[in-house]
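Have a look at these structures, which come just after this line.
You will see chain A twice below: alongside chain B first, and alongside chain C after that.
Moving on, here comes the complex of A and B:
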C-alpha cells in the first residue's frame, strides 16, 4: 500500500473536517455567551432553564444529538446535508460547553473590579460590557482553545452520517484496500497535525494570559 | 412519540448495563495506566519523559473513533481480530489513560515538596514513599476530575454502536432501523445517558466544592 497515495486520499476530507470544527466552534462561541449570562442571572426564570438546558445537552452524548438531528429533524424538513447536520448538532452541544467556559471566566474576574465599576457610578450594563466581558474574554481563551481541539476530534463522529471528512474517507479506503492499520494510522497523524497548532496556541495562551491574570489579582 | 417508550425501556435498560460495563472496562485499563504514566513522567531521564509526553499527546490528539476503528478494523490487517467489547474497552482505555495521566500529574504537582523530603528523611524507600505518602494524598485531589473523566468515557462508549455493538446507542439505532422511529428511540436513549451523567456530575461538583472549602490539613 502506497502511504503517499493514501495520505492524499484522506487529505481530501481535510476541508470538511475543518469546516465542521470551525462551524460548530463559531456557533458555540457566539451563542454560548448569552447562555452563560442567563445561567449567572439573578432571575430564576432565566437561570433555571439555562441550567437545565446546559445539564441536559452535556448529559447526552454528541453522537445522539447528531442522530436526532439527522433522522429526527431530517424527517420533518427533508433530507439534511451531512456536513450541515454535523455543524448544527455539534454546534448545539458547543453552546452548552462554551457557556460553562464563559461562566467560569466571568466568575474568575476579581469581585473588586465589579465593586470599583459600581463605585465610579457605572450601571449594571456598563459594568458588564466595559469591565467584566473584556477581562472574561481573555480569561476564556485557553479553555476555549482546548475545547476547540475537542471539537476537532468530535468532528470524526460526522463520519457515521456520511459527511465526507477524514474519518469517513478512512473508512472507505479501508473497505477498498483492507489496510486498516496503515489507513487509520495516517488518519491519526492528520488529526494530530491539525491539533498541534491549536495545542501550542492553547498552551501559550494559558501561560500568557494565566500569568497576566495572576499578576493583576495578586 | 412517547407511546412506544414503555415498550422499549426494558431492553434499553439492559443495553444501559452493557454501556456501564464497557465504561468500567475502559476505566479498569485507563486509570491504572494513567497513574503509571504520571509516575513515569517524574522520571529523571529525559528520553523516558519525552516518550511519555508523546504517548499522552497522541492519546489526547487522536479522535476516540479513530482509535476504535484502528483496534477493530485496523488490527485485522495483521490477523488480530478483537471482539467489539474488547476493542471498545482497549480503545477507550488508552484514550482515558492519556487524560487520566494529566489529571494525576496535576494532583501530583499540588503535593508540597516537603512531603518528599520528610519521607526521605525518615528513611522510607522510594516505593514506600509512593504507596504511603504520595498516592494517598494524590487521591483526594484527583477524585472529582476523575469522576468527570468517567462521565466522558461513559458517553464515549456510545461510539460502540459504530462497530455494531449492542450498547445503549447501538440498540437504540437498531430499534430505530426496525421501527423507523429513530428520533423517538434515540431521544429515550439520550435521556438514559443523561440520567446517569447528570447525577454523577452533581456528585463530582459537591466533592469539588467540599475539597475547596476544606483544604488539606498539613
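Moving on, here comes the complex of A and C:
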C-alpha cells in the first residue's frame, strides 16, 4: 500500500469531519443555552418538558438519531444530504448535552453572586445576563471542550450513511486495499491532529478568560 | 465620641461622596437612642418568621431602627442574624411578619384577611436598591473591574448615564481610600480592599439604610480596622445601619443600640454599655464572656 496516497485520500475527508463536528457543536452551543435556562426555570411548565427532552435525547444513541433522521425524516421530505443529516442529528443531541453543561456551570457560580446582584437592585434577567452568564461561560469551557472532542469522534458515525468524512473514506479504502490496520492508523493520526489543537485552544481560552476569576488562595 | 481629625482627607472625600447626609450630626437629630420614639422608623420589622423545613430560624422578630441609627446585632451562629438581614430586603422570603421602610409596608401587600401576600419575584428589585447590603464574603463580581462593579447597579438599576455613574464611582472610591484601584480586578485586591469596594458598590445606589452581614469576619484582624473605619465614618455621616458582627468594641463605640439574638429571637436589646457590660439575660452574658476570652 502506498502510505502517501492513502493519507491523501483520507485527508480528503477532513473538511467533512470538521464541518460535521463544528456544525453540530455550534447548534448545541446556541440552542443548549435556552434549554438550560428552561431546565433551571422555577416554572414547572418550562422545566418539566426541558428535563424530559434532555433525558430522552441523551438516552438514545447518536447512531439511532442519525438513522431516524436519515431514513425517517428522509422518507417524508425526500433524500437528505448525509453531511447535513449528520450535522442535524448530532446537533440535536448536542443541544441536550450542552444544556446540561450550561446548567452545571450556572449552578457552580457562587450563590453569593446572585444575592449581590439582587442586592444592588438588578432584576433577575439583568443578574443572569451581566453576572451569572459571563461567569458560567468561563466555567463551562473545560466541559464544553471535552464534549466537542467527543463530537469529533462521534462524527465518525456519519460514515454509516455515507457522509464522506475520514472514517467513511477509511472504510472504503480498507475494502479496496485490505490494509485495514494501516488505513485506520492513518485515520487515527488525522483525528488526533484535529483534537489536540482543540484541547490546546480550550486550555488557552480557559486561562485567558478565567485568569481574573481564580480564587486567591488565602 | 468625636473622632480626632484625620490628616488623610478621607473625611472630606466622604462628605463629598455622600452630600445627602453630610450636613447633619446624626446623634443631634436622633430622637431617641433606642429607636422607640414616636417618629416613623427608617426600618421596622414586625413578627418576622422564617423556617427552613422544621427548623425555625426567625421566630417572630420585631424591631425598629430610627433614621440615622446604628443597630448592632450580635449572637451565636445559627441564631438567625444573617437571615434577619436577608429577610429585610427579601433575599430570603419570610413566612410571616412585615417589613416597613419609612413607615411603608414593603415586599408584600396589605391583606385584610391577615394572609401574607408577598410581591412577585420581579417586584423586589426597586425595594432592594433602597437598602444597601454588604456581605461577609464581599461578593464582588470577579469578571468585572472595580469601576464596573460599582457602576453596574447605577446604570442597570437606577438608569444613570455611564458618565454620571463613573463620576460617582470615582468619588465613592476616593471616600473609601481606593481611588487608585478603580481599574483593578477584584482578585488583585486584598480582602479589606474588596470589602471597601463592596461598601462603595452598595452606597452608589443612595440607599436609605445599609445592612452589614458580618462584614469583617472573613478578614485578618489587622485588615478589619480599615473596613471598620469606613463603617464608622458612614455612621457619623448619619447613615442608618444594621450591623451583624462579632466586633464588640466596634458595637460599643459606634452603635446606638445593641441587640442580642439567640434561637431566632431577640433576647435582649439596649444601649451598648448596658447590653455589652451589664447584660440582664444570662444567655447574653454567656455569649459576651465567650467572645471576650
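List of remarks:
In this section, the second predicted complex is superposed on the first by the 201 of 218 C-alpha atoms of A that agree within 3 Å, B and C clash if a C-alpha of one lies under 4 Å from a C-alpha of the other, contacts with A are read in each partner's own complex, and residues count from 1 in each chain.
Everything below uses one rule, namely that a contact is a pair of C-beta atoms (placed from the backbone, for glycine too) under 8 Å apart; a residue touches a chain by one contact, two chains touch by 3 or more.
Predicted model only: the values in this text are computed from it and were never measured.
Of the two partner chains placed by the overlay, neither chain B nor chain C lies in contact with A:30. Contact with chain B, but none with chain C, is seen for A:56 once the two complexes are overlaid on the shared chain.
Of the two partner chains placed by the overlay, only chain B lies in contact with A:181; chain C stays clear of it. Of the two partner chains, neither chain B nor chain C is touched by A:12. Contacts of A:130 after superposition on the shared chain: chain C is touched, whereas chain B is not.
Once the two complexes are laid over each other on the shared chain, residue contacts for A:195 go to chain B alone; chain C is not touched.
In the superposition on chain A, A:138 makes contact with chain C only, while chain B stays out of contact range. When chain A is checked against chain B and against chain C, the one touching more of its residues turns out to be B. When the shared chain is aligned, chain C comes close enough to touch A:118, but chain B does not.
Residues 86, 89, 91, 121-122, 124-126, 128-133, 135, 137, 139-143, 152-153, 156-158, 185-188, 198, 201-202, 204-205 of chain C are the ones that touch chain A when the two sit in their complex. The residues of chain A lying in touch with chain C in their complex are 110, 112-113, 115-124, 126, 130-131, 134-135, 138, 212-216. Every residue of chain B that touches chain A in the complex is listed here, in rising order: 57-58, 61-67, 69-70, 73-78, 155-156, 158-159, 161-162, 169, 173, 176, 182-183, 186-187, 189-191, 193-195, 197-198, 201. Taken in their complex, chain A has these residues touching chain B: 55-56, 58-65, 67-68, 71-72, 75, 149, 152-157, 159-160, 167, 170-171, 174, 178-185, 187-188, 191-192, 195-196, 199.
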